[in-house]
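In order of appearance the chains are A, B, C and D, and numbering begins at 1 in each one.
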Amino acid sequence: MSKKRIGILTAGGDSPGLNAAIRAVGKACLGHHGFQVIGFRDGFRGLAENRSMALEGSQLSGILTQGGTLLGTSRDKPHRMLVNGQLADMTDAIARNYEENGLDGLVCLGGNGTQKNALRLANKGLNVIHLPKTIDNDVWGTDMTFGFDTALGIATEAIDRLHSTAHSHHRIIVVEIMGHHAGWLALGAGIAGGADVILLPEIPYAVESVAEAIRERSRNGKPFSIVAVAEGALSLEHHAALKAAVGKKKKVGAETELVLASRTLRLSEQLQKLTGLEARVTILGHLQRGGAPSAADRLLATRLGTAAADLVAVGVYGIMVAAVGEETQPVALEEVAGKIKTVPLEHEWIASARRVGTNFGD
Amino acid sequence: MSKKRIGILTAGGDSPGLNAAIRAVGKACLGHHGFQVIGFRDGFRGLAENRSMALEGSQLSGILTQGGTLLGTSRDKPHRMLVNGQLADMTDAIARNYEENGLDGLVCLGGNGTQKNALRLANKGLNVIHLPKTIDNDVWGTDMTFGFDTALGIATEAIDRLHSTAHSHHRIIVVEIMGHHAGWLALGAGIAGGADVILLPEIPYAVESVAEAIRERSRNGKPFSIVAVAEGALSLEHHAALKAAVGKKKKVGAETELVLASRTLRLSEQLQKLTGLEARVTILGHLQRGGAPSAADRLLATRLGTAAADLVAVGVYGIMVAAVGEETQPVALEEVAGKIKTVPLEHEWIASARRVGTNFGD
Amino acid sequence: MSKKRIGILTAGGDSPGLNAAIRAVGKACLGHHGFQVIGFRDGFRGLAENRSMALEGSQLSGILTQGGTLLGTSRDKPHRMLVNGQLADMTDAIARNYEENGLDGLVCLGGNGTQKNALRLANKGLNVIHLPKTIDNDVWGTDMTFGFDTALGIATEAIDRLHSTAHSHHRIIVVEIMGHHAGWLALGAGIAGGADVILLPEIPYAVESVAEAIRERSRNGKPFSIVAVAEGALSLEHHAALKAAVGKKKKVGAETELVLASRTLRLSEQLQKLTGLEARVTILGHLQRGGAPSAADRLLATRLGTAAADLVAVGVYGIMVAAVGEETQPVALEEVAGKIKTVPLEHEWIASARRVGTNFGD
Amino acid sequence: MSKKRIGILTAGGDSPGLNAAIRAVGKACLGHHGFQVIGFRDGFRGLAENRSMALEGSQLSGILTQGGTLLGTSRDKPHRMLVNGQLADMTDAIARNYEENGLDGLVCLGGNGTQKNALRLANKGLNVIHLPKTIDNDVWGTDMTFGFDTALGIATEAIDRLHSTAHSHHRIIVVEIMGHHAGWLALGAGIAGGADVILLPEIPYAVESVAEAIRERSRNGKPFSIVAVAEGALSLEHHAALKAAVGKKKKVGAETELVLASRTLRLSEQLQKLTGLEARVTILGHLQRGGAPSAADRLLATRLGTAAADLVAVGVYGIMVAAVGEETQPVALEEVAGKIKTVPLEHEWIASARRVGTNFGD
């Protein structure tokens, strides 16, 4: 019997731990199971264009600690890919390349979008396994995604630094943290960094309520405050307008970073006016995606990556490898694809933050 | 009805996140529930000697990010405390001070030892709640203890640094990581740092097997190796001798740091002799306990601390506040006290490490 | 003879190492020389309003590692201070409070603005000593200011992180680094972070030249680039327009962060258009000012702070305490106040960067 | 005229910034000057055995941030190298390989030992340039060596962490910092970390004096102390014995790490006995050499490395490239080789530390 041949690609925004996961899949496939491994470049685009590289021991050495992805990534979708300036459905091309490369399975590392694309390819007959990575932690069906813990650490350290300036200058510092639809990162970093106010996509906020929380702190001798705001957080008015316009909250994700930043700047101006304190904005942006993964993310990526290799070995496909409690489990893609894990209003982190005095603007 | 009065103390070895947990218990008790909070100094000794400090808002500000414990700590046990040069049972003194301070409850932050002492006081009629902290992660009944993630990050970063020297000098680097009975920290940091060999208290090792793994790497063009060894790891011979002597593995914890270090140095010498490569030892020691807690540890400490305050509010005592999956749950002290959570041989982390080629010396 | 009484204040933007310097001045004055020390709050405003705090041992403990300034700071100038909504000259009030507090000397920690204000007070007869702090390193007469090394480390680490994303996504990342008039920070972090292009206030740039450098990298198989741009960097056109308007380059410093950010965003858009690569912007902002000072900054702050105390002891005033080579020297304020240390075009750092292939847009 | 050919090697203990310096020399030689560059492996041994690798653009990419040295290093000396189990003089072999490789110059990165070996080869007629690297900062003729700032940061961060434990447990923490002959690192990190006692090779100490400083702190309500001790620090008795034995302080460097560690452990035991406080030891060891170089070290390595390439271009050899004030200067090897830069007793750092209350055991 010939060796199994496994493809691997990374898609969507880059995230710390991708290289650790590639290493884990690769080493487990090569060394433990004796498979062959082919890496495709730049996400689904590389598979569509058949741009690949053999992954052997030497490429997998020394990458555990590195940020980014050695395979490159892109946000291209199999069924809507820009080719010669036009959107084209490249699903058939992908299926053909899968065949021509003699693949027995394809491991796709990515977030929610990748999950949907993986299901699409599974429905086309490809043997697909999805590994959940994203700094947003908003993938349904897994407790945790790799990348989140590193981003949490970076955003928290940023808040720690901003405390110095807030305190020394008696200022409000508004810090924008990544998260279009889900507030996990802003919530986690807000709690860990001791933010006084945390604004989430899940909880529309009243600016006046935020301002009052800040004024109350001033009255208690603390004329400075840290406001941690998720990119996708909306004021009540804005949220209502969006709902009126489209019947439900949507399209938020389609907004550019610039639009999101303007919204954060506007919030800062309002708070300055309402409180009489000077306010400044910091937008963390891509810093949250880069650099060496945290130890916890390396552990998680290694755990999920080696589990994926084991599932390939027994021929379990069409699934995401999920972290559930202390275990790793396969979850059917069709049960989870298309769902987004937002922060439940009754989540312990929110309850916990309220008890230490955090304001959510509601 | 008068305000509830809550005592709080920190016992055992210091651990990152203690101040974050004190802050969480304190702020939730004071601000959210309207209780009074009294801190006792230096663990159970301070309660026995009635040395306390009122904990108010100002003491709880700015401590979230600080290592150590503002209350001080000690390894003193209520029933065997050194008083005037003699061991004395101070349980009654403690119960008396608990009464005289008008306490409704006592929150004890600590590890396995503290858990046993907490149960002892609960059996004496005190309303006790235990919060699990330790860098060793070996507390039974909770998925995770605060302090562990920070220590994991420190030990992993140390391994990252040691890779430079191992690689540049073609050396074996043996790095000793804390953990007398349980290998969680060495295992986690070993995986996250990409150690080539990981030696745990749970898996007695054959030096020759370790040496052969290192020689095999040399033959494959990698004349350098990182060996992550837990303090309590034993060679097969040593383990057998201990078993023969006492009928079961015990007393390991009673050994001093110096004895443990000597054992690590001996291992290094043996590996040097068996492989022909130069070997060096690094003992991480107390570095693993100190400094600012990681974001994840601050989150966990805040979650457990505020949950403790909620349990005080409803009068649930005699329990540890455990992290189970994504939830926080009370667990009866008598179900967990005296048990130690070692690494199960079939644990996913071990399976995962083996798949990326890690040797365990077995 | 009665004890000398020394005042101390921190003015201008906050900067890592301020607390380390306060501690050094304070401990040396109190412990070594036996003086009394009074801290004034919020810069020159606190002195004008006579808001002070005694600085004793306990306040000076544990602050060595802390960012910000325990005294608070403000950008208020003695001779143009907003009082009841109107600009007022508070120099006399300051002189009066100096007298009433029985001060023998006043140590002012700050940057270029503080230096000018210190000279103003010296000319008024006050015994003033200036300690040079700023993350911009643009104080004339000293090799180095404390705060710079920490900011350099933060900005460099940010560039390290951004490399991941630039590389994985084949993008241009434009990172804006603090520095209105002087490019030390952008230059230093650009070199240390391996930026491909560095744009400085001192070297007007041609966008086309920058784009060509990026395209050249793409042609050589590196379709990603990092552009480190100082806040005050100007395109040739913009620079010429400014010169035409005012006869010389000026007013740059008066621009708000928002105006500077818009300029950076515009540059990013132009590069995207000219190169065909996707471009993204990261604005580091206040992160560069906050958090624990680096070891080198603590050393420098301690060295300058204790030297200030020694100069007080011998009655040398009207000076800045400068770091020159390996020595600490007093420099007359009137020789340096009003001058800004920009990066000389023939500076070794620039020559060095050019040799490793860095483009300066000229 | 044919291209110049330049050899490069790294010798002695590894040090952060070696790869940054290799990159700087390489990029400046290849790109700016158009030379060819050959790397020799494992220090002088690789040159003696003619084991080399061509250094081209691709090898120099991505190494700026990496610890260690991609060329490998060894402590072998040209004139006393272990060959087939016997010490041999390999100087002629080295000269021969230098010729056969058609080298125009040889850049040697290393510390004091490398400097002496470089002079030896220069005297043999080779065109040698030395770049000063060492975490010890003890190279005569240069203000600073690369590697030092990174090690300073690591050791300082370690002291920061140890403060937690010292404070929480009311302990003495003795932390051993690298430095056999020179105390720069222990002194710098001791000041930056706020150590209460600093013991240096340059100042023999009285244990009783150290103990008294610690007891004095206890009496003032601070029953904890940090003692930063350089590897080569000696008690007065030990120092006197050494002098008596050999007529001058020598052989210290020949001692093994184990001997040095035992000395530190002994000091800790004595302090415990003399003060009544519990004492613990941490030995930082190889952690101080590893990992990513600091921004300042990358800057320095880049500055010195590109300067070396410029000196090759104009044919200046037989020199060390020194950092003097803000400038880079060639210094004749024969003026500096064999000298060690220890800390002068009247150095500003020492004066400064005394003023903030640091005890030196004298």
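Rule of thumb we're sticking to: contacts are C-beta pairs under 8 Å (C-beta built on N, C-alpha and C of every residue); 3 or more make two chains touch, one makes a residue touch a chain.
All figures in this text were calculated on a predicted structure; none of them were measured in a lab.
Of all chains in the assembly, those touching chain A and also chain D are B, C. Distance between Cα centroids is largest for the pairing of chain C with B. Where chain C touches chain D, over half of the residue numbers in use are shared by the two copies, so each contributes mostly the same positions. A turn of 180° superposes the CA atoms of chain B on those of chain C, with the angle given to the nearest 5. Averaging Cα coordinates per chain places chain B and chain C 42 Å apart. Rounded to whole angstrom units, the spacing between the C-alpha centres of chain C and chain D is 31. Rounded to whole angstrom units, the spacing between the C-alpha centres of chain A and chain C is 35. Multi-chain contact residues of chain A, defined as those touching 2 or more other chains: 157, 160.
Chain contacts in this assembly form a single closed ring in which each chain touches exactly two others. Contact between chains, per the stated criterion, is found for A-B, A-C, B-D, C-D. Residues of chain D touching chain C in their complex: 23-24, 27-28, 31-32, 64-65, 143, 149, 152-153, 155-157, 160, 188-189, 191-194, 220, 292, 294-296, 298-299, 302-303, 306-307, 309-310, 324-328, 348-349, 351-357.
By the touch criterion stated above, chain D contacts chain B in their complex at residues 10, 13-14, 16, 18, 42, 66-69, 72-74, 154, 157-158, 160-165, 167-170, 173, 257-258, 265, 280-283, 285-287, 289-291.
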